[in-house]
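Dropping the structure in here first, questions after.
Letters are used for the chains, namely A, B and C, taken in the order the chains are written, and counting of residues starts over at 1 for each.
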Amino acid sequence: MSPSRPAAAPWTLHPHRALPAEPGVREIAVRIHEQTAPLPIVAMHGHVEASVFADDEPFADPAQLLIVPDHYVTRMMASQGIPLESLGVPRRDGGPVETDSRQIWRTFCENWHLYRGTPSRFWLEHELVEVFGVTEKPSSESADRIYDQIAAAVARPEFRPRALLDSFGIEIISTTDPASSDLSVHARLAADGLGSRVVPTFRPDGVLQLERSTWREEIATLAEVSGIDTDTYAGFLEALRERRRAFVAAGARATDHGHLSADTHPMDEAEAAALYARVLAGAEPTAAEAQAFAAHMLLQMAGMSCEDGLVMQIHPGVLRDHQSEILARHGQDKGYDIPVATEYTRALRPMLERHGLDPRFRCILFTVDETVFSRELAPLAGAYPSVRLGAPWWFLDSPDGMRRFRETATETAGFANMSGFVDDTRAYASIPARHDLARRIDAGYLARLVAEHRLEEDEAIETAIDLAYRLPLASYPEPVTDRATA
Amino acid sequence: MSPSRPAAAPWTLHPHRALPAEPGVREIAVRIHEQTAPLPIVAMHGHVEASVFADDEPFADPAQLLIVPDHYVTRMMASQGIPLESLGVPRRDGGPVETDSRQIWRTFCENWHLYRGTPSRFWLEHELVEVFGVTEKPSSESADRIYDQIAAAVARPEFRPRALLDSFGIEIISTTDPASSDLSVHARLAADGLGSRVVPTFRPDGVLQLERSTWREEIATLAEVSGIDTDTYAGFLEALRERRRAFVAAGARATDHGHLSADTHPMDEAEAAALYARVLAGAEPTAAEAQAFAAHMLLQMAGMSCEDGLVMQIHPGVLRDHQSEILARHGQDKGYDIPVATEYTRALRPMLERHGLDPRFRCILFTVDETVFSRELAPLAGAYPSVRLGAPWWFLDSPDGMRRFRETATETAGFANMSGFVDDTRAYASIPARHDLARRIDAGYLARLVAEHRLEEDEAIETAIDLAYRLPLASYPEPVTDRATA
Amino acid sequence: MSPSRPAAAPWTLHPHRALPAEPGVREIAVRIHEQTAPLPIVAMHGHVEASVFADDEPFADPAQLLIVPDHYVTRMMASQGIPLESLGVPRRDGGPVETDSRQIWRTFCENWHLYRGTPSRFWLEHELVEVFGVTEKPSSESADRIYDQIAAAVARPEFRPRALLDSFGIEIISTTDPASSDLSVHARLAADGLGSRVVPTFRPDGVLQLERSTWREEIATLAEVSGIDTDTYAGFLEALRERRRAFVAAGARATDHGHLSADTHPMDEAEAAALYARVLAGAEPTAAEAQAFAAHMLLQMAGMSCEDGLVMQIHPGVLRDHQSEILARHGQDKGYDIPVATEYTRALRPMLERHGLDPRFRCILFTVDETVFSRELAPLAGAYPSVRLGAPWWFLDSPDGMRRFRETATETAGFANMSGFVDDTRAYASIPARHDLARRIDAGYLARLVAEHRLEEDEAIETAIDLAYRLPLASYPEPVTDRATA
C-alpha cells in the first residue's frame, strides 16, 4: 500500500527476468532467448496512428507519451479512485483536466506500487530502463528527475518515431484504418519510402455495425472515398470491395474485425439488403437486427478475403464502454471495455463450412476468453487449414496469461497453426517491451518442454524463432490467391 | 484405497508445507511467510454463530466440533457411500442418526485417506496438530486415543470460544445474520465488551428471494423486528433501511448476498411493488419473477450501501440443494450445493452504471466459477474504483485454487483491487488453518514473482502483509460516507 | 518450420520424459513411477474393433497401422494444407486417394516437426521406439528405413493383436459396440477364451438420437437382433433392456453415451411414446424434439443401469462433423469434431435427483470442456456416491491437460471419486504409450504434493497405484446389484 523504498544502487533490469525460476529450466531458456532476442520485430497488428510515422514529430513529454494515452496505465489509477481528469485524460466537453504533464507524471510515480504483478509494470520498466536509460525507480522522490531525463530524450532526433523504427528493430508495422479511410497518410509514407514498412489494416467495424451512432456518416464517407454509390446494399458491398483493393494496393495484408460476437451466420441476402436500406433511411435497428447484420457481414468479409487475399483477423468478445458516464465524459478506449464469454465453435461454423477448406482463405482468431483456447480455438486451428490461432490478446498478453495460452493451446493446435506473437497496442514505446516479454515467456515454455524431455533443444530454438519471427511473417503474407502452402 | 500405515515417529507438520517445491523459490517464500505468519487474523466473512461467542460454552466433543457440522468433511465420506446418518448429521424428521460421537470419530479416522489432496486434509492436520497437539495420524488404530486427547482439551477453559479468539490471534470476526435478526446476541456481546471484535453482517437473502418457502414468515419477522409495516413494497424498503441502520449501530461493516445469479437489472418500480404485494398475498411467483425481483433488490441494496456505507459482498453462482432427498432429510448446507457458470459483465452493469463511480460505494465480488477471474472480475476490479475482487471462495479456497486465482486475476486487477484473504467457514477451529494456508500460498506466488525478477523482495513482503492483513481491514472499513481513498 | 536435423546417435527416449523438471520433485516422481510402470493395463474404454482381436490378422503396414486411422495424426497434417486424400484416408465415393503406404509414411515423416508439443508426438515416439525398436527420428531421410523396419515387425507373429495383448500387459480391454450389435464377434472371442479379457461396451447413441439419418435402420436392426418388436416406444424400451442383458451376459461392464448435451430432463412418457411413433413413421424430428428425446432416454438408461448394474459413461459436449464437406467426402471421425461449452449441474440434476443416491447406480462423467472440472464435475463427484469423475478425455488426454485436470479436480473431488486412467483410442498400438504418459503425469503431480509436504510419499505411491490400476478396476466392476462399497 505504501510506495517502495528508493533503490540504493542504480536501477537495472535482471537479464533473466520473466524466465522460469528453476535453475535447470532457466539455463535452457536463456540459451533459447539468446537466439530470439536479436530478431527483428514483426508488428502485424497495432494501433499506433499512421500519422505518427508520416509526421515524425517528437513526442510531447513523458506523460503524453507514456501515461495519458495508455488506458492500461490510467485505468489502474482510476480503479483506486484517482479521477481520469487528474491524469490528463481529455474530456469530450472540453471541461478542465490536468494539463501539467509534470504533475501527471508525479501522480503516476507516486502510484508505481499499483502496477506490481501486472504486465504494465514489466513494459514500463523496460521502457524506462531500456529505452530511456532511467536508473532509478519511480517514486514521489524520483519523479521529477525521471521526468526531466525522459523529456530531454524525446527532444532528441533519435527518439523521433521513424528513428525508433530502426532502434526498436521493427521490420514491419501495421496500423489500423477504418474502411472509409482515404489512405492519404499511407500515401505520404509510401512517398517517403516507408510504404512497405508501415502498412495499413482494413478495419470495417464502423460500416458493419448498424447500431453505431456514426454508421450513416461512415457509410456516406465510404461512398465519397470509394466513388461508389452506397445507397443500396449492393453498392455497399461493391464499395467495400473497392476499399479492400485500395488497401491491398497500399500494402495492407489483413483485415481486422472487433465484433461483440464471433457469429458468422448469414442472413437471407434480400433481407440483408432490406435491413441496410431501412436503417440507412433512418430506422433504428433492433439489437438482434444489428447483431444479425454484423454476423452476415463477417461472412461476406470472409468471402472477399478469398477473393483478394487479405488475412482476416477476428477479435470478438469485448463489451465496449461498460460505463456510460466514462464514455460520455472521456470517450472510448478508457479501460472500461470488459470481456464476456464468447462462443466460437457454432459461431464460426457457417464461415468455415463455406470457406474453411478454401486454400485462398486465412483467418486468425483472437480471444479475451481464455476458456476457449483448449475447448474451441485449438481444435479449430488444429483441423482447418485456413485457421490460425492468434497470440494471447489484451488482458491475456501478460507473463502468466501467455504461459497459460501456450499450455492450453499448443497440445491440440501445434505450433505451426499459430500466428506467432502479435502485439496490439497504441503505446508505441511499449512495442519492444511486449515482444521481448513474449519471447521470454516462449523461451520459458519451450525450455520446460526440453527439460521434461518432450522436445529437443534444437527443435525448441527453431520453434522459438518461428514464434518470434517466421510465423508472424508467414501468417500475414502479401496477398496472393493461394496461400495453402505459405 | 486402504488407509495409510501408522507413523512411527511423532506426527509433526513440516514448517514449509504448502510452499513451493523449488528450493530457490521456497527460500524466498519462507522469508515472506515469516513476515505474515505472526499477523493477526481479520475474519471479515464468516458463518460461526454469534451465540458461540455470546454463550462461550465449551465445545461438546471432537466429532461435534470437527466432523458433524463441517459439510466439507461429511460430504467426502458420503460420496464414498457412507450415509450422513452414520456421521451423526441430524435428520429433520428426528429419525435415528448415530449419536455416539466416538463412533463417528472412528469412522472419520478410518477414512482419513479420502482427504488426500484436498484442502480439508490441510486444515484438519493443522487443527489436530497445531490446535490440539495431536502427535499421531488418524487411523482406525489411533482413533480412540486422538478422541480422548481432543475431548480432554475442549473441556479446558483455554479451548472455550472466547479464549480461542486470543490464542487464534483473531483481531476481528464477523458473523452472518439475517435481515430479520433482532441482533440481541450481538447486544450481549457488546455488553461483554466484544462488540467491536465480533461484528454482524447483514444477510437479507431470506427476504429478497420470493421463491423461498419461508419468505412470508421472514417478511413478518422483519416487520416485527423493525417496527415498520412491511405490507407494502415501500414499507419493505423502509424496514430494510431500518435494519441496515441497526446493523451499522451494532458494528456491522458489510452486507452479504448469496443469489443464484449476479443479475442487477432493475424492474419498473411499480411492477416490483405489485409483485411484492401479490406474492405477499399468497400468490406463487414464477421462477422468472423471483429472479427479476432478486436482481432488482440487489440493485436497491447497492443504492442503500451508498447511503449507509455498508460494503456489499456478492457471492453468486451456487445452485443450492441439488439433491431434494438430502434437503428433505437433513436440511441445507450438507455438501450438495453445486456451482453453475456465472456471468458478471452484463449482470452487474446496471449496478455499476448507477453506482460504480460513486465514492461512497464499495462492492466485493466472489465466485465459484473460476473462469471469470481473468475474463470478467479482474477487468471489472481493475477499472471501477468501487469494485474489489474477493478471495477465492468455497471450493476454490484450496492450495491450487488460490494459486490459480493469483495467477489469473493479479495481472489484470493488481493487488490493490483485491480484498485480501477472507475465509468463509462455519468451522471455527479451522480459521487459523485457513488463514495460514492462504498466507503460504501467497508467499509462494509472490516468491515466484521475485525469483522471476518480476518483483523485488521488499515489495513482495509489503504485498504479502497487505494481502494477509492490511487489505482485509481496509476493504471492510467502518461505514463512512466517502471511502474512495480508503 | 523446417524439419529437425537427423540425430547422430541412436534415438532413445529419456527414462524421465514427461516427469517434472525440478530435480527434487523429479526424484520423488521417479520413485513413484517405478511402482506404477510395471502394472497391468486396464483399458475400460476403447474403440479398437472387437474383430481385430477375433480375427487376429497381422496389421497391414506402418501407414495403415499408425497414420491413416489416427485422426489426431491426419488432422494435424490436414491443418497445414495436406489433403486427407494424400494421406490415404478413404473417400466415401470411392474416389482416388493415395494407396502407396510408403508414400503416406514419407509425408508423415517429412512433417514430423508438426507434432512438436503435442501428445501425438509423445505417443508416436513411444510406439516407434518402445514398440517397434526404431532408432532414428522420423525425417524425409529416414522415412524409408523406418518404414521397412516397422513393416518387417508387423509381419512377425509377436506383433499380431492377441500377442500384443500380452506384450502390452493388457489385463482387460473393452470395445465399443452399438446397441444393435449381435455380439457375434464377442462370442467368437469367448469361444477362444478371451471373453473376459476383451469385453463389449453398450453404446446406444444410434438408437437414442432421432435426428440421425440411420435411426430407423438402427431401430429395425435392434428389433431383429433382440427379437422384440420395436414398433412402439414400449417395445423399444424392452428391446434395449434385452440388449443390455445380452451385453452383460457377454461380459460388458458399462454403457457409453456420446450425446451433444448432458441433459437428462424427462419427457412426459406419453409424449415420448408419441414422438417415437411419429418419427418411426417417417416424420422429421425438430432439433428440439431430438434433443428432448435424447435427454429423456439418457434418464431411462440411468434407470436401466440401476436394474442391470452396467456402469453408465457420459461423454458429452462434442459438435460432431463441423465441416460438412469433410463428412461427405471422408465420413465421421476425421478430426473435425469440435467441443462446445457443456453444462452438467442443471443437466444431470433430474438423473441425480432420481438415482444419485441409489447404491445400485454408478455413472462416470467425462468432458472436453475443462472449465467444468473445478466448477461442476468435482463438486458433483465429491458429493454423490454414484458419481465418479472420468479421466481427462480426447483433447485433454495430454501432458499439460492431464496435469490441469489433477490440479483443478482433485482438491474438491478427492482421488477416491475418480475413475483412474481411461484411454479412449482406436489406435491400438498407442495404448501402452497413453497409459505410460498418464502414469508419468500422475507421478509428477503426486510428487509435487509430496515435495510441498501436502502428502506423504507412501500415500503418494498408494494413490498412484490406485489411479493406474485399482481405481479403473473398481470403477468398472462386473455388474452387481449394489456397488455402493465397491
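Throughout what follows, contacts are C-beta pairs under 8 Å (C-beta built on N, C-alpha and C of every residue); 3 or more make two chains touch, one makes a residue touch a chain.
Here is each chain with its UniProt name: A, B, C = Uronate isomerase.
Everything numeric in this text was worked out from a predicted model, so none of it was measured.
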| item | value |
| --- | --- |
| Arrangement of touching chains [line / ring / star / complete / other] | complete |
| Interface composition of copies subunit A and subunit B: same or different, split at half | different |
| Rotation in the CA alignment of subunit A with subunit C, degrees, nearest 5 | 120 |
| Rounded Å distance, subunit A centre to subunit B centre (Cα mean) | 40 |
| Set of subunit C residues in contact with two or more other chains | 22, 341, 371 |
| Complex interface listing, subunit C residues touching subunit A | 1-2, 4-5, 13-14, 16-23, 75-76, 78-81, 113-119, 121-122, 319, 322-326, 335-341, 368-371, 395-396, 398-401, 404 |
| Subunit A residues touching subunit C - in the complex, by the definition given at the top | 22, 24-25, 341, 343, 345-346, 349, 352-353, 356-357, 359, 371, 374-376, 378-385, 387, 407-408, 410-412, 414-417, 448-449, 451-456, 458-459, 462-463, 466, 470-471, 474, 484-485 |
